[in-house]
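The structures considered in this document are given below.
Note that chain A is present in both complexes that follow, paired respectively with chain B and with chain C.
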Partner chain A sequence: MRQVTAKPKALTNAPFHYCPGCTHGIIHRLLAETLDEFGLTENAIGIASVGCSVFAYDYFNCDMQQAAHGRAPAVATGIKRVRPQNFVFTYQGDGDLGSIGIGETIHAANRGENITIIFVNNAVYGMTGGQMAPTTLLGQKSSTTPTGRSIGEHGYPLPVSELLQALPGAAYVARTTVTSPSQIRITKRALAQAFQAQIQGRGLGLVEILSTCPVNWHMDPVEALTFINEEMVAQFPLGVFKDFDEEVARDGK
Partner chain B sequence: MRIKGRVDVEPELCKGCGLCVAFCPRKVLALADEVNSKGYRIVAQVKPEECNGCTICAQMCPDIALTVWRSGRSKEAV
Partner chain C sequence: MTTNAAKLMKGNEAIAEAAIRAGCQAYFGYPITPQNEIPDYMAKWLPKAGGVFLQAESELAAINMVYGAAGAGSRVMTSSSSPGISLMQEGLSYIACAELPCVVINMVRSGPGLGGILPAQSDYFQAVKGGGHGDYKLLVLAPATVQEAVDITYASFQLAEKYRNPVMILGDGLLGQMMESVTLPKVESPPSPPDWATTGRQKGKPRIINSLYIEGDVMEKRNQHIFAKYAHMAEDEVRFEKYHTDGARLLVAAYGSTARIAKTAIDRARAEGIPVGLFRPISLYPFPNDALRKAAAEARVVLTLEMSMGQMVDDVRLSLEGRVPVVFYGRTGGVVPTPKEILKELHRVWENRA
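The block that comes next holds the complex of A and B.
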């Protein structure tokens, strides 16, 4: 028999600390596989955010920095400008990127920074106990919206990908999920294209990945995947919102 | 003729989340009564003869606890 699956080289041997069934682990693996496939594991510099993925610096086998809550795109900007020869990525949750860090996110995209953002949207603040995030669904119960999010009291869920695609500096913006092997393949293709945006110097690449938080959603891990497929995708439609390649084709550049 | 597979489970990495159990198309896997040092029930091959090494379990595993092996085509009939 021959071995047909293996841990990517871009991951260390540290076991993930995530809760059972949390799809942060799947997303880590896909990102690591993509780093390996692009031959960037030695060259990359990653920025961990604040949230459950704060320990990403222990898991990725490349240089890592950890940024204050929400500031990863600003830190990535600085690193990429000083070291343009390095591949620079951030890995951020929706509380980090969409709430306290939305300013950094919008301005980094608007400046067209050549960085790649992995945006893990699990609709809650996972690390701190499942409080409402900007991306909490309408009607969704969280520890700070015990009767469900309402428009009148809490406003609408923040559609980060739809917002960013409007900015000329954003080269690639897609929303995917990891709820099945086929969705995992689509996510990997999106990561590859977001990598290309940076490699080709096109501007900011962002992949928003709908991810589970079974513990704070009070669901078992399989139910949590169903929740994404049935509830979350209805309010956060999947798809490619912007692709520099299409612009190339249209403009004939 | 059919392809045979095998799944190796790293017991200390498995958290018993059950995603592999739910996704295995041939019902090869189930949670065992055995627990690891963290107290998680770990997954086991309950129908190892059914495994064809498709790798779906490993793709869905958030903890890279599963390693899949596959043989070339075996002589057995399906």
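The block that comes next holds the complex of A and C.
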């Protein structure tokens, strides 16, 4: 028998604690595969943020630091500046990156820090029980928007990738999802290109991945995938927003 | 490169130079008066010494850059003043729990709020009681002269590494702006990153820098472990100066710039026949409890002088455990007491002693 797949070396044997149907797990795997494929698992320094993925430091089989809520890009900056020879990545949720840490995110991108950000957008605060996130959709119910998010009260869903696209220091910005095998392959390619941005010293690479939170969306896993494909993608269009390597951007389309 | 000749230097610049000579590899900070000469000096000279200088977008970011660099095994520091140090409290709490070494210079200015840019000592509590959330302390050292600031800065990196805990150097605008003659220490090279640092695991096990302990008993053990280090500090790192304390019947307790001003007043008071001495804590945490008790053994009264509404005076009272009456005199808001007004206060306290 031929082995066609195996657990990536960049993942430890610790079992994930994620809820059934949560796509944090798929994203972990894709990131781990990419680390392995680039031969970076032994060199990488990862930063876990505050959110459901806080225990990422137990799951990735590389050196890890756990950062305060929103501060991962600053922590990554500190590491990368003193150890430019290491591959440095952060793994952050939308509350972490888009709300409390939006300042650190924008400035790290604007400085063109050679770091890679994996940004998991699930439109809610997962860990604290489904409160409104900056990315919560208009009309979407959350525990702190019980009648749905409204423009008048809460403003608009925050388009992080579109914002960062404007910054010259951001070398690669893409939004993807993991709701189907083909989307998973696209996400993997995006991760590879975000890695390349850092490896080639081009600046900050960020992949925003639309992800499920079935528990706090009060949906079953299949409904959650459909919610992404039908509702989230309408608000947060998928695609490559910026690519330091213009040719790759053209060929990729 | 080693120069032992005395040089005239501003406090802030002397501190920056001492840090570079101590092998500081990285500086992250955000501008704020009265310490701007530190980042300015670092921006110019640290890269020339092979180090990293980066102006952060805020003190929040700066202290988290310090966290990252320290976790990656780099000798790292930041500097700020009161409002900026307030913003760093979250990061300091994480750094203390994750057991990372770093040096923080705090050139205290008046507060609360935006306060003013004049010298003050009103952040004593914040410095010595932890400052951020949770059970932790900083090792806090308070120099009174530029030379002492140089020596303390130079030693502080190794102290931070010895205890894997942040060291705070607590100064004030006077110390930072004052020009004095200093002898600079020799240039030291930083050690290679320790085993626990995240430098890429290579063939080894992953290293994790973390402050999350979800189980109560594990978090409790962590706190006990951290406090065992503080008990060691209390044994080995207590620093203080005694000035005419033998036989002193009136003992002044003061630190930093205030202690320096008090000395002038004490000299005059002694010439006028008041048996007064000065006890100057240099390590504010760990506080020199035993030494203060001994110095106050023959005192009828202890006068604590501060540029605040009264903060260290609480620790003085705790040390003396009611053995001697403790009174307080302070100026605040950026007002620096003059030797003349302190002399007046010495007379008043001495004449009203029990």
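Brief remarks on what is shown
Here, the second predicted complex is superposed on the first by the 246 of 253 C-alpha atoms of A that agree within 3 Å, B and C clash if a C-alpha of one lies under 4 Å from a C-alpha of the other, contacts with A are read in each partner's own complex, and residues count from 1 in each chain.
Keep in mind that, in the parts below, a contact is a pair of C-beta atoms (placed from the backbone, for glycine too) under 8 Å apart; a residue touches a chain by one contact, two chains touch by 3 or more.
Just so it is clear, the model here is predicted, and its values are computed rather than measured.
Ranked by how many residues of chain A each touches, chain B and chain C are led by C. Look at A:C22: by the touch rule set out above, it reaches chain B but stays clear of chain C.
Contacts of A:H218 after superposition: neither chain B nor chain C is touched.
By the touch criterion defined above, A:G103 reaches chain C but does not reach chain B. Of the two partner chains placed by superposition, A:K9 touches none, neither chain B nor chain C. Looking at chain A, you'll find no residue that touches chain B in one structure and chain C in the other.
Touching chain A in their complex are the following residues of chain C: 25-26, 28, 52, 54, 56-58, 60-62, 64-72, 74, 76, 90-91, 94, 98, 198-203, 206-212. Those residues of chain A whose C-beta lies close enough to touch chain B in the complex are 1-7, 11, 15-16, 18-26, 29, 180-181, 184, 214, 220-222, 225.
By the touch criterion given at the top, residues 12, 42-45, 47, 54-55, 57-58, 60-68, 71, 74-79, 81-83, 85-87, 103-104, 107 of chain A touch chain C in their complex.
Contact residues on chain B toward chain A in their complex (touch as defined above): 4-6, 12-13, 15-19, 22-23, 40, 53, 55-56, 58-64, 66-71.
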